[in-house]
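You will see two complexes here that share chain A, one where it goes with chain B and one where it goes with chain C.
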Partner chain A sequence: MSIPLPVFIAIPLVTAFVLPIFGKKGKDAATVLANLATISLLVLAVASIGQSGVYEIGKWSIPLGINLVLDGLSSLLLLAISVVASAAMLFSARYMEQYTAKAKYLSLFLLMVAGMNGVVLSGDIFNLFVFLEIASLASYALVGFGCEHEELEASFKYMVLGSIGSIFILFAVALVYGNTGSLNMAYIGKAIRDSGLNAGLSFAMALFVVGFGLKAALMPFHAWLPDAHPSAPAPISAMLSGILIKTLGIYALARVVFNVFGVSVSIGWLLVVLGLLSMVAGAFLAIGQGDFKRLLAYSSISQIGYVVLGIGLGGLILARAGNNISTEQLGWASLAILGGLFHLVNHAVYKSLLFLTSGSVQMSTGTRQLKQMGGLAEKLPFTRATCTLASASIVGIPPFSGFWSKLILVVAAVQAGFYWIAAIIVFVSLCTLIMYLKVQRYVFLGELPENLQQIKENRGSMLVAMVFLACLCALMGLLVLVPCLKQSILEPAVKVLTDGLEYSAIVMKM
Partner chain B sequence: MDKTLLVPVFLPLIVGFVLLFLPNKMKSVSRALTLIISVITFILGIKIFTGGISSFAWPILQLDNVNLELLLNVTPLGKFVLLFAMGFGLLIALYSLKSQATNDERRAPNIYYGAILITIGGSAGILLSNHLLFLLIFWEIVTTSLYLLITTGGRNSNFAATKSFAMIGASDAAFMLGVFMVWALSGTFVISDISLTTTSALTIIAFLLLMVAAITKAGAMPLHTWLPTSGEYAPASVMALLPAAIDKLLGIYLLVIIVREIFILESVALSIVLAIIGTATIIIAAMIAIVQHNIKKLLAYSAISQVGYMVLGIATMTPVGFAGAVFHMLNNAIYKCCLFLGAGAVEEQTGTAEMDELGGLGKKMPLTFVAFLIAALSVSGIPPFNGFVSKWMVYQGVIQMGAEQTSVAANLWPIWLIVAIFGSAITLAYSVKIIHSVFLSRLPSDLKDVKEVSLPMKIPCIILASLCVLFGVFYKQLLEWFIYPALNIEPGTAIFGTWESGLATILIAVGIGLGVLIWFVGKLSKMVRIVPTWTCGEVQTNEQMTVPGTHFYKTVSSMGGLKQLYAGQEKGHFDTYNQGGKIGLALTDFLRWLHSGVLPMYLTWVTLGLLVIIFIVCEIR
Partner chain C sequence: MPYALCFLLFMIGLYCAVVKKNMVKIVIGIMVMEYAVNLFLIMLGYRFGGVAPIIDKGQLEAGMEQFISSSVDPLPQALVLTAIVISLGSLALMISICIRTYEKYGTFDITQIRRLKG
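Now for the complex of A and B:
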């Protein structure tokens, strides 16, 4: 039985509008309802693995109507979104007790999820923009949810830069419509495959790269992230770093570049260079931070670099080979993209876990400054264990997941002959090691300060959320190690990107 | 296909991983499990050693056309090192039964036990792997377990743990790059299929990268600085297990593998590099060791210094040099482990490892004293103990290199030889210092009630000290049973200057007996008169008169030229970790300065980025 695709958008959207009715008195009921929504999305996402299909809204056939498309890449992202959203929502149940207006928070949270699911499923470029705006607007509000001076400033900066990104995207959509006469991605792709790119479309492509680059926080468009991510409440930081930048940024970028416009050598190089720049600069900046969440935020920039590098490298290999690509080169390209996408999923899990643990630490100690903490290993054993596990994954200590995704990227780089890229990947992993050693050293080891002698571990839903993600973290390596999981989850997603402009033909046939 | 090979690798790894997450209250469970599993792995080590050649293959991951297969192979060298690595694991598990580090719940005993097991499993994996990538994986697992173990050293160990992980992690990164370069150059990860001649620049870089990994783990200069720092703060049993024993075994094992199996060294420069690293390590570390005042830190520098002999032995590229290096690796692991365990026993009973606060413990802890003395004499290369034989073989390797080879490194052989022998003399000097200030000297009044340690902590010391004697006296048999087969050397072709250990040992024993006799005669005849010291009228009781060991060699540290070097060393000017950190921080500060938090500035970046991207994407020329 195939799942009707609008459900993925309808469930969070409807719940989001129902929740404010509960008001202050019904906030427990609202929490339960919101959790039910995210968990049902998780179940649906798991059920959608291996499926593909097109849903035409109102039975209007394309290109007249709007369609939703589920393919390998979408279902990978749907899965990642629902995993992170379920964990963050569960964590919020207890964590958000500190704030007022919990129902509004839950409502905004679900709006953001609805927006992201929409972006991932949309087969129409303008609708992609609309959903992207829904998710972005919800996230601007959530970053400033604490209403403190610092949070509002961060939210403002995020909104300014985010809106610039949105404007670029909108302008690019208009240019595309003007040049191809269609808003449906399959039809645009077909038009571009038949008649190639003209100057207007190339310009639109550049605008798309900048717009989605802003959403993905690639260097040099990253400046909003280190302010916005730490200022948000911890579960929202987990959502933003864990999945929002990937859906609105990386997914949309990859979809447009690979499936709609077709990847060229210059675009491939551009992505590789942007990825490397983000990796290196993000890592150095992260090492220098004294604020726990800010360190994690810069580390996100660095990790996003890996994802873009993997996808860009795959695109570069594909574009270099052109139409008469050999199976060997196709293999290299698939490997690079596999590394990138696997790293995307891994990062979604461990970075959201790290942000959740930072939230747990902040709730217990009341501070985010690394130097004001210490020796928390005895007081917060579960937070320590989960944080250490996530750190081991992100650093790439075998046999945890981060090791395998970086390994795949290095193997792909060496095979394609880019030894220097392999060297940079390894070097940045070393920087990652140093930044997480810093976290361990200042937060969990060392001397316990006088004023923190009485703190207690946070239990309840926060603990469940952290342990859930930690278990995933420990087991994620199986996604590539077990052949049937790899074939059903990651490989279809890779194939969507390596198929490139074949996308339009595939969608039209579905 | 021999599935038993999986057991010594994965049984400890899996159980160890589970133990990490147990609550602290269940420490007796983890203690029992650790002991049982280390016994099992030791028995398997014996079985693998005595058994024939077997192998196991398990395809793990197929990436495009790259096949990552877990290949476990029993090699002669691997099984020899495995036997002793498992033995050290067992001894440490035994020692930890009563050790304080594992009884203090705040120090996370479960992490300690879990990491010990992970170390055992990881090293078994390294020694059995025939696939470079899996060797690397197990190598990193052992690095991680070292980090976890150092963190159990109490509240001040966090810096030492971080530094060790950062430095060894950096060398692991070099290792990873090296592995991939070897793969790119040879097209395979299987160690037994690789044979690269170091003629091109790429192969030389690959060799150097792998060498960095090996010598950092073993602790040779200039990447040694994690060792003394962790020596100061980590529990003594941790130092005895990893940096003193298993890390040496693994580091030198890898060095031998890369020099003999993976690469064929054709480049003259590389053997000079190895020889310089070897001799510099011997002499510099020993010079630093003699001015240390903390037992564990002194022993850590001593451990570094001894690595120099192994590297030098390998640098000679002669059969006797290799045999000497591998034998020294084994001997060093034995006596250094014994020394650290002895130091741990002293620290445990007195609560301090500072020489200033110790003294006269020989009478209070006689067994520890004797074991420590034997190990200290071994490290100084006094016959008939084992350290003498292996150093003697390394010297022979250097002489043989000078006689048979014509390279520049070979022509410089007198320098290597003189430095190595001089280093041995300094070793004796610091051994005397530590023996004097801890066990002889005068007992401080607050240590009157010190007792000998309990049995599980004594047994490992006694076993290791007896091995020191046995391996020294019966060195010929030992070389024939263990070392020559491990290195595929024809017995009889290697060593040319043998000595009759049996006769010499009897003569030495007779000499010691005579000395004891003279001492007794002197004591019985009461010819020694003990009176208060005359200090121009001031009353000084004998209790106040001591010769502190910390004052030994003060003249060395105040010598012109050396004084400045010592001061710089003390401040960390020669520490690669500090210097690397400074460069990194400067870069970070520059980047942070760019992120001023001013919105218009960020908008400018976006605009500039947009312009550049338009130029690239629209291919405007």
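Now for the complex of A and C:
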């Protein structure tokens, strides 16, 4: 293994604690340093593709010590985190000039990145909790960063629900430790494979689903998301919707369900139902919104549903077949999980782009209300172009990325015989189309209101960030179309989940 | 029995956090939940009549097996220390948000603090 794994956590953590020293006068130096940190993370994440390995902290061998594990799923998530983080950081360089205390903002931002990288790499379930809390605490503070009425209210709401979720997770970790006598995920997986689930572990599983469900804003636990995500500054909305809910929610849930506890038919169904509920309800609620960022936030709930549905469907097929699984069934399961994970990456890119464009529109016009805008296509040409591209992607117009991931999900559902699920996926896509046509119609088309005649587009670093993500959006389809990219990035991640409880054996051998 | 009481404490905290209308009381409820979980962790490693998990000369002479079978489990204590530090951080942030909200709205009642809806 060529890259030492702690670097992924150390770079943002050290930079985060150095930045506040710069204070008000060294604002520009702080910005440059923070950007350097995120870009170097991006380079490292690209370099880590295709690698795998275990790092033992302080040379204490597992199960005595704490370990970091890099496998296919981790490196996929690391890549997504660093792409979104570097784009959002670039965007912040100009956008955050409106706020005071920029150095503190950058520091919190990097703490959040450090927490997320830690969650993705941790091979120890208690450390997963610790990193999850680091990322969550930073995000609570960032949501309330503006310190205005709405922001404080949203931050408090997010914080109460987020803390309850964290406590549930800690409780579940305690139960797991009590029942298996280990905190290392590989050893817990081994203990569960040898002796099966007892009542205490099943209760822990339920607590994990609720805790991570709260973090991921799945449908019955979604109440905080539509308040928290729009209230944050635009780059932070992009980070929260783009990647935070996926790392803390979906990734952690998938890791625990598939690799530690092992999927069962009931958990598979639970994930499928939660996914479908989030998809349908999120889409319906989004259509009725009059606030640009709030609409995007509800749409995030709907899109998260797709990811959970894909992963849950794969797990369901695996669990139904049991031990003597045929190659055909394994193929369906892999396809469903591939769809889910590919949608996760796609959604990270286009939803963060959409939030960045909404930030650009808000900075120029000073409002988020759709009805107070109109005709901005001439005034904000680049914002319009990137927003349209991202909308086309999320709606699923070929050849953009969203089309491919939804197509894979539909194909997987049809092959496995769940025709009604395929129908719902297509139906929700239609609702998504209505949602984004509404955005285009109210924001960019129609007549320009009197008071917006004088506005100008913000160029500079904001534009670079948006164009960067837009290019990715247009090219992401290649991830599944070009075989070598698919084999090096997506397939290893899918394999980690389809291997299920073999995870423990794989980690111990590394 | 102690586990049942611990779970009861957890439920009291959850009830307080979900039902109460005052922001400060919600924060107290969350902290009660946190302490219940910490208590649970400590109880997992506790052993009645156990000794502290520190090896001294006498115990080494008596043999490792006897030490292992009589000492309490030190790992949950380390976990609880970490969990307490984390909950201290989140408590400080929550209380400071409560104070800022009180400055803006002039009340702690969450039924009156609702500009966000839809």
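Here is the rule we go by: the second predicted complex is superposed on the first by the 509 of 510 C-alpha atoms of A that agree within 3 Å, B and C clash if a C-alpha of one lies under 4 Å from a C-alpha of the other, contacts with A are read in each partner's own complex, and residues count from 1 in each chain.
By definition in this document, contacts are C-beta pairs under 8 Å (C-beta built on N, C-alpha and C of every residue); 3 or more make two chains touch, one makes a residue touch a chain.
Just so it is clear, the model here is predicted, and its values are computed rather than measured.
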item	value
First (chain B), second (chain C), both or neither touched by A:266	first
Which superposed partner A:408 touches (first chain B, second chain C, both, neither)	first
Which superposed partner A:246 touches (first chain B, second chain C, both, neither)	neither
Partner chain in contact with A:226 - chain B first, chain C second, else both or neither	both
Touching partner for A:343 - first (chain B), second (chain C), both, neither	neither
Chain A residues touched - chain C or chain B, whichever exceeds	B
First, second, both or neither for A:27, with chain B first and chain C second	neither
Partner chain(s) touched by A:164 [first = chain B, second = chain C, both, neither]	both
Chain A residues contacted in one complex by chain B, in the other by chain C	157, 160, 164, 226-227, 288
List of chain C residues in touch with chain A within their complex	10, 14, 17, 23, 26, 30, 33-34, 37, 40-41, 44, 75-76, 79, 82-83, 86, 89-90, 93-94, 97-98, 100-101, 104-105, 113-116, 118
Interfacial residue positions of chain B with respect to chain A in the complex	20-21, 23, 60-66, 106, 108, 133, 137, 140-141, 144, 151, 155-159, 161-162, 165-166, 169-170, 173, 176-177, 180-181, 183-184, 584-585, 587-589, 591-592, 595, 597, 599, 601-603, 605-606, 608-610, 613-614, 616-619
Interfacial residue positions of chain A with respect to chain B in the complex	157, 160-161, 164, 168, 199, 202-203, 205-207, 209-210, 213-214, 220-221, 223-224, 226-227, 266-267, 269-270, 281, 284-285, 287-288, 328, 331-332, 334-335, 375, 377-378, 381, 385, 392, 397-399, 403-404, 407-408, 410-411, 414-415, 419, 422-423, 426-427, 429-430, 433-434, 437-438, 440-441, 445-447, 480-481, 483
Residues on chain A engaged by chain C in the complex (per definition of touch)	126, 130, 133, 137, 140-141, 144, 147-150, 152-157, 159-160, 163-164, 166-167, 170-171, 173-174, 177-178, 183, 226-227, 231, 288-291, 294
